[in-house]
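Below is the structure I would like to discuss, written out as structure tokens.
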């Protein structure tokens, strides 16, 4: 039979975000495939060179839409490393709180998002409703639901509003009590297992070859390769949490790890609220008004553990008011580009969307 | 059949057609509301499906060649004809012509038209969808036929109204649901397959093949397709009802039984992911077929449930 | 004369009924063109339940009534959006989200992002906010529904009437509309 | 800044023994930046991969337009020890050609395409390096180069909105 | 983890019987839910607070904010008649504009619903209503953490009070390069100061030069409008700082100190380039400048740089006027003044010192000899109080005393005859100069100081600079405020002063806001003093003018009336500037000199 060319995306219900996979199929089997990114290319790295350090805080959350906070965090970490700024203690804890809430919302979205490719839309309906509660919390903490622009150079923009701790605790308690429902609906569901168990494998060799990080890496290597543990930033060395790992990485394992991580996030959030000290939330370390902030010259890379893996910025400063160059390492870049080219072929068309989903691919961070 | 009865029969058939449309379309809306509760939300108005269909009919259509246009008409015609032959409570438009095999035959005309039209649209996804739909049909038809043949064998008739009448003799206890529970389960699984409910939604699969056969439909054609969809649900659920739930003697019974079957199927669909096409076939040739054969053996050779 | 009048009245009556159905059954094309799409799942799912307005996501342009341009459009996407829009059957509407569709938004100086969308496609409603909250999105759709009822949602007619103007703008900014390269043979 | 990781220091010293390191810098305690001659990069990367730096996190490029050079930066990470290395080298901006490292780090393939597209650096040995990736119908210089002005390009290509409402008031006009 | 089961997914059916989480339709459409506190919605601008500085427009990462010129906004000091217009086709709702707003007028509402089919409707000028036009509920406001301005001035290194009150060493040491850069970085370049500065100096520009470290450029900016920057960098009354937009919520930028930083640190070649700046068409003509105070020197510089032949007549031995003979050394060193003067001298300007017009040379002769005359003789004489006992030998006039003191310090005269218990009457800058000079001289002479001040004004009405008042208090000056002197008690035997009799001042200004003090004659005050220094204002002496000229001068409230080019109507060759036409202030003088130079250039190049 002759090869037929199919597009998965950009306009396709199975495609998360605006991206395209071109597939040559023979029957139902994908013979060749590659990603055609760039539908979301906005030239961020160039725009960042054209904006001041503070203005960049307003720009960068947009690089990854479902989980924008790691952007702000790595940008701030880089600027702080270059300018040798000591962030106030409380700001570290607030940053962690925001990052963990963002991770939780991203995990919920991805976990519910499995409803798309598997057809289990109920999971999406439930998860999005819970995600909305997090977004409402974000709205109260930061002033916006999605683009928070909250973590800034030297700390965070504002202190936590009064009484937010109780609301966060109430939410995580409620969510924790309902997580088993998700488990029953998705993980223990035989029809979903039929799609995910022993399907869409990610062996450890492939992880090392591509440079996959995050859950994909932990699910196949069996080691706690989590930047929060390996190179702790903020105050992750002061909280206790486990990093779920596995040595057999099929789609189901990766989903399960995501599910288990949600419990760990809740555990971290509880500890943060417990341990968070009072005090200043922002160190105004750069001279003058935000229009004239200058960051000393240097070249530094910082990365944090986003929900999808290692998310980092490489920042070059020449001491000016604007970064000289910022390069973004999207967490899902390796698996989305080379991964699709090399390891999607051989799967069935049915699995393409699921492949895209369980590899944790986020198209805006690839396109930038 | 007497010639001068034909106009009246046709009128009855049209009445059944109209009823089928309004009943199933309303029920689809109501089911959407029920399913919405499962999603923790309220859902649309119960008459939303009517709005959708009429809206589609008011839009302009697109053509992709005569095969495409003719296929839709053929499908809708075939399905409408099938509905007209369907016994509804005590009414039958064409008495004597409610043999089970007539539905199977007429229904196939509709399906064929649909397949023709979809392939005629020229989109490879539609082609894949049609192939999947036909493959899936092969999957569910076999166990379903085995169960139905067992029933026909057991009851000695293939007329739907007669089968229903037989089951109505002794109330609930004479339903095939009670008499042949294993076969009913097998047939219900097949019904899910026919209705395209998950986990057997493979031929629609928006996330994989962008709604499959319907991929190139828009405007009026899609409206017709939706009407066709409502009719085919009516046929499939009615068949199941007549075969296993003793048909319906009165409107209340009809409404309750019909709703129970359709809502249950929809709720199961919402709790399930979708299988891949190879998994569908494997599944049908494993569990339902085993159940169906078991039931057939019980009926035909052991005489249980007759 | 009388018959012509009658016909006209009949036509208007039919139009009125059509508008009622169209207004209450808006199917959106599931095409996440930009960031504002991130609030759409919220709007469509349990918390905001947009289905109550009769709206639902659709898989292909042929089936859809509303094209949502959710935020900025890179030229690469614009090509595909135009393609999708032209596939939709009339009447069709476009709802534009966020500032990027109005005047370029934060990407006003980006080399790959267009600035004002109404140069290329007719817009029926713009929704303010970066990004619009689900409630804002729903209110925007409610406005569209009201406009359909008032006969003011006529973007598709504008597109038809000024087709040459739109095409010219599209070509000016995009070069060619249909790409022919190794990826699109 | 706290103390620099001892293991990292040792490692950079070891690298220095076998290869000529032009410059060493420690931007953070567990990150080192090493500059090399272009010719040494592949050998260094191969050596480092054997030293536990199994992951190449990012390949990036910096346009030092005033020096007439492109700087290629290979960011390596050692997951066991939590150490990060910037392996940097500078190549001529007028003739930006380098050799691919996909033989050492296969994951570099698309990063090289990315750098090619945005900076115009050719990577010999990477079969797809010169194919377009993110951009489509691009008709200007590689857009991440410092001398590219996106604002001018955007103004030239895409019409901005000119609002008709004028909020300026002259004397006597005010509300 | 529980076991896999076909029934596991169906456990979720329990939600069929629970209340949905959906928000009711009415809460979305009829009365939409309120956003959370802190929500960054649409902009609101409090026009009563807004100063039109445009900083919001500067910071905006999306270039969404433009400033509209508004005629309906009152022109006031410290504000511009501009208001922000926000393009919601750009805005990304980051709230940076709110965070940086200098006056704190911008905030954001909680509104989030706005849609329209018309893209034109997305640009709005926020007032107390946002774009939605509905009554607003306050959302995002800034706090001290989110503030993007640096409200704290970089402290100026100064010598200690103990040291300073015993010597005439310049108190202020001047910024170091880092300090100056950090201080300059605080500036938001709004330009409100430029508008207020009498000389309209390019303040934001030269501050930016300091920030960039380009002192050469900064110096060029200074000399564009002010050739006496070394002086002004030290003793200017810095009206600019009082209107600085940062001062709305914090401490103003130290504009004066930054100017001083440029002057003190600019490399010599920078000065060279200023002096050697070529004029496209050198002017031809001779100009006489009477008086070498601020306005005289300023006019001399600009005329000189335009190529005119300029002669400056000065009655004293050295040029500089009050800058030389008035301002004490601890505020303004001779070196600074000499630096400015030397630049002017390098331009070819001739200084004819020790020549008093009207005495050594007749005004009429000047009139014949020169094409134009710039009259800048200022207010060199101290005003009298006209109270009893004023003519005592122990009553000293401020200007005369300061002149003696400065001459003494430069070694050109004897130590002024001061006593160990003195009172200064007045509270202007001159009064403080006198008092603080006295503190130092007393310390030198007696090893301790006892200086009192007496003034009509209350603390908040004192016309002197705030820093003078604070420094004076630190140096131990005793302030007697709100009382007016009525009589100076004189010991009839010795003829020396013993005390000042005064009474409480109940009102300073009348309803028309004119100076018209009222006293409560029953509430008497008596201040013991051995010497009284009068520093209640200065006056001019125009007796050198021939009648033909003085008759033509129009006076209004003691000031000569001139047109915008400082030209006297009816006498086109005569220009007047400085104290003679408006209040006593160096920077006013500089501005007048510049303006007059432009006027003279116009006059001479046209004829």
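Per-chain residue numbering starts at 1, and chain names A, B, C, D and E are given in the order in which the chains are listed.
As a working rule, contacts are C-beta pairs under 8 Å (C-beta built on N, C-alpha and C of every residue); 3 or more make two chains touch, one makes a residue touch a chain.
Just so you know, these numbers come straight off a predicted model, no measurement behind them.
With contact taken as defined at the outset, chain B and chain D are each touched by A, C, E. Pairwise, the chains sharing the most contacting C-beta pairs are A-E. At the centre of the protein atoms shown, by the Cα-centroid criterion, sits A. Averaging Cα coordinates per chain places chain C and chain D 39 Å apart. Distance between chain C and chain E, defined via averaged C-alpha coordinates, is recorded as 57 Å.
Separating the CA-averaged centres of chain A and chain B is a span of 44 Å. Measuring from the averaged C-alpha position of chain B to that of chain E gives a distance of 89 Å. The set of chain D residues that touch two or more partner chains comprises 134-136, 143, 148, 150-151, 161. The set of chain A residues touching two or more other chains comprises 12-13, 38, 41, 43, 46-47, 50, 58-59, 122, 125-126, 129, 147, 185, 189, 191, 367.
Under the contact definition stated at the top, the residues of chain E that touch 2 or more other chains are 9, 12, 20-22, 35, 61-62, 87, 89, 92-93, 119.
Per the contact rule defined earlier, chains pair up in contact as A-B, A-C, A-D, A-E, B-C, B-E, C-D, C-E, D-E. Partner chain A is touched in their complex by these residues of chain B: 38-41, 124-125, 128, 198-199, 201-202, 205-211, 270-279. By the touch rule above, chain A contacts chain B in their complex via residues 4-6, 12-14, 28, 116-122, 125-126, 129, 185, 189, 191-192, 194-195, 348-354.
In the complex of the two chains, the chain C residues touching chain B come out as 17-18, 21-22, 24-25, 27, 45-47, 49, 51-54, 59-65, 87-91. Touching chain A in their complex are the following residues of chain D: 1, 25, 27-28, 30-31, 33, 54-58, 60-63, 73, 75, 77, 79, 82, 84, 86, 88, 105-107, 109-111, 118, 133-136, 143-144, 146, 148, 150-151. Contact residues of chain A toward chain C in the complex are 10-13, 16-18, 22, 36, 38-43, 46-47, 50, 58-59, 62, 65-66, 109, 124-126, 128-129, 131-132, 135, 145-147, 364, 367.
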